[in-house]
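Per-chain numbering from 1; labels A, B and C assigned in written order.
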Amino acid sequence: MESTIIKSRNFNASFGSNHVVKNVNIDIPRNHIIAVMGPSGCGKTTYLRCINRMHELIPGATSSGEMDLNGEDVYQMHPIFVRLKIGMVFQRPNPFPNLSIYDNVIAGYKLNGIKLPKAERDRIVEQSLTKVALWKEVKDSLNKKGSFLSGGQQQRLCIARTVAMEPEVILFDEPTSALDPISTSTVEELFHELKANYTLIIVTHNMQQAARVSDKTAFFFLGELVEYDETKIMFTNPKDNRTQNYITGRFS
Amino acid sequence: MDTSSVENGMITRSDLPLRVINSSPEAVAKAKKRARLSFRQIRTENIFNKTLILMGLIMVILVVGIFLTLVVQSLPSIKALGPKYLWGKVWDPVQDIYGAWPFLLGTLLSSFLALIISIPFSISVAIFLGEYHPAGWLPNLLKNAVELIAAVPSVIFGFWGLAVLVPIVRTFESHIGVAPVGVGIFSSSLILAIMIIPYAASLGRSMINLVPSHLKEAAYGLGATRWEVIRSVVLPYTKSGLFAGILLSLGRALGETMAVTMVIGNTSLIPKNIFAPGNTMASVIANEFTEADKPVYLSALIELGLVLFLVTVVINMIGKKIIDRFTND
Amino acid sequence: MNIDSVKFRLGKNRGFQILIYVLAFACVVPLLAILLFIIKAGITKINWHFLVNIPKPVGETGGGIANALVGSIIIILVASVIAIPIGILAGVYLSENRKSKLAYWTRLSTDILQGVPSIVIGIVAYFWLVKPLRGFSALSGSVALAIMMLPIVVRSTEETLKLLPPSLKEAALALGMPFHRVIFKVVIPVGIGGILSGVMLSIARITGETAPLLFTAFGNPYLSFKLTKPMQSLPLLIFNYATSPYNDWHDLAWGASLILLVWVIFLNIFTKIITRKWKVQL
């Protein structure tokens, strides 16, 4: 029996007078990979950023409606708690330039002022880096700066940093759009590994990627959630015309 | 707050920030500890946000406070002397006669003379660094040297002026047949001219850098020489920016105190010509503030400070506005 | 086209180029003259005795500037302690709240403060501290100098933080970091080069300031460590001794000028090195 972890009801988001997310209703099941796709400007990234309340950081941004995590509205919680439970990985790898690889992984603890014994820290670093398949590559250079890694490695470092906080949900905002094909496939393999412990929501503009990695797919168009279904059904037998047009490449 | 329910190894209460993978008592205790830490951080965050606003406010309060202090302390003089204080030609504290005109005139004369002397040099530096040689070791040296002029303390300019420049001016004065005193408006203008070169030069250089190259190329394409491009494209394009740089230099010159005080001669008589000794608003304050023994005397000096404050604020604001408009276009 | 007219135009071009070169490099002449003269006049006066002794009364030879050195350091340190935290936090406020009403007024105030003549700051500090405390004091001098430091620190902090990519802050916030930790642990450390160079620049600027100290720190011929009492500083000593009629005192002032000049130039070079070395790397 799959349980719902994220639930939106009548969710809207705007930048000033620009209404970018319109009346979204969605139920996201635990330990699944959800792909969110749609043409650029369709509100998919904005919706994603609403889930862990990053949207409100932009001046003039507003939102309304219900966004539940485990049945509790995240907009009733303090954003700090929300973001501890719902991690986020960004479009461009953004390791902290002033921190070493080691410190980048435990940045969430270190910079939050959570003191851990050395053994515990070492364990978290090794475990998180192993989960993102980066441990073997960097275990001898943990004290080097994160910016010394390649783009794909940096992105996996950012995932490790998020995983280290043990969130329940991880949001990915076009996580591979700045990466080369090989790094992209490494990151995609990673998604399947992470599914066992986390719920992944991945915004992508790449339909093949959505088809390859996700269990369910949501299609956004002009701020509306047009269709949300099992990925297989979505790509073989879409119900809505607009989805049909999009996956057959009739928009652009 | 600490009453949290644990279901399926998951702490569902929103006040516990981290997931507990197993529901062992230690794990729950650890999660609670983290929750408490997070609550403390939220409190700190609120205090921090208020502190930031307070710091922003402090800057506003400082400026308003400076203005109000000057106004309040000038009130005795404003009440006693009225507006004619500004054009009163005699300043004689012993007789209780206070007229600010000698200082206004001294300030205007020395500042504008300094400006006229310095403009050709500062604009040349700006053109040299902005147009002829934007990079290279020699231009770099010149750029650093000009910036260094701004770094030299004004008291050192004053001391050097007193020891080196004043004797030279004195010789010059005896040659052209005016009273060879050396100290005076002219000497202070020379010192000021040197001191204000960097302000117009560095601003002018960055303005010249902003000239779009397609405009210059259009002129070169018509067979213009470099000088013709500078005169008919670069200078017209940057003229408001250069003007702003000159305004900011003027603001500096008006408020400059120490170097002027040391070489201007410090007399409260109206200067008869540019070689005569005089006083500026800033220098008379520096000289007489601690000696002012009567309330109206002190207040009259502060009123000079108020005038100086208002004039420099207006000049700087105009300069700033021009620069903002120029860089936004 | 007429060959002669082209020749004339080329000649004019050449002439103006030479004129610009000459005028531009003429600016270096007074600077060199000042530097060389101060070095020549000051270098012979400086020795150990000069640095560790206080000035002798008129008529006695020898004496040093220890009181001014100590005073300058104390006054600048106290000014920095006041101005640096306020300035950095106000800069953070401006870069975090670009559009708010208060930010507009704060920015305007900072611009105004930057242009206020230093002598005016001296007057105001006199009424804020000297009069209420009934006496000239090093503390009032420090406050006056702190007011002069503030706009430079605020502006350089704001400009530096504005250049940081938003992704940096988002990365930290997405990890559930509270805002103050994002600022202190991520934003400020990454931008520390630019912030520090602003701080150094502001210290370099106030090191040579005399006018705000005339009616506040006032000067003191003796060595003093008390913040509530008048205190000597290098620029004050130079001003007082340079305008005195005694040659011995002039000598003292030349030595002090050289030390002040070296100090200020060193601070400026140091600032440049910081700016270059610690450029934000992303």
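A few remarks follow.
Assume a contact is a pair of C-beta atoms (placed from the backbone, for glycine too) under 8 Å apart; a residue touches a chain by one contact, two chains touch by 3 or more.
Since the structure is predicted, the reported quantities are computational estimates derived from the model, not experimental observations.
By number of C-beta pairs in contact, B-C leads when B-C and A-C are compared.
Distances between chain centres, each the mean of the C-alpha atoms, put A farthest from chain C.
We define each chain's centre as the mean of its Cα atoms; on that basis chain A and chain C are separated by 48 Å. Taking the mean of the C-alpha atoms as each chain's centre, chain B and chain C sit 12 Å apart. Shared interface positions of chain B, defined as residues touching 2 or more other chains, are 17, 38, 41-42, 45.
Residue positions 176, 178, 181 of chain C each touch two or more of the other chains. Contacts with at least two other chains are made by residues 80-81, 84, 112-113, 165 of chain A. Put simply, chain A touches chain C in their complex at residues 52, 54, 57, 59, 79-84, 87-88, 90, 92, 94-98, 107-108, 110-113, 147, 158, 161-162, 165.
On the chain A side of its complex with chain B, the touching residues are 70-72, 76-78, 80-81, 84-85, 112-114, 165-168. Every residue of chain C that touches chain A in the complex is listed here, in rising order: 98-99, 165, 167-178, 181-182, 185-186, 189-190, 280-282.
Against chain B, the residues of chain C that register as touching in their complex are 9-10, 12-13, 16-17, 19-21, 23-28, 30-31, 33-34, 37-38, 41, 86, 89-90, 92-94, 96-97, 102-103, 105-106, 109-121, 123-124, 126-128, 147, 150-151, 154, 176, 178-181, 183, 204, 207-211, 214-215, 218, 235, 238-239, 242-243, 250, 253-254, 257, 260-261, 264-265, 268.
Across the interface of their complex, chain A is touched by residues 10, 12, 14-15, 17-19, 21, 34, 37-38, 41-42, 45 of chain B.
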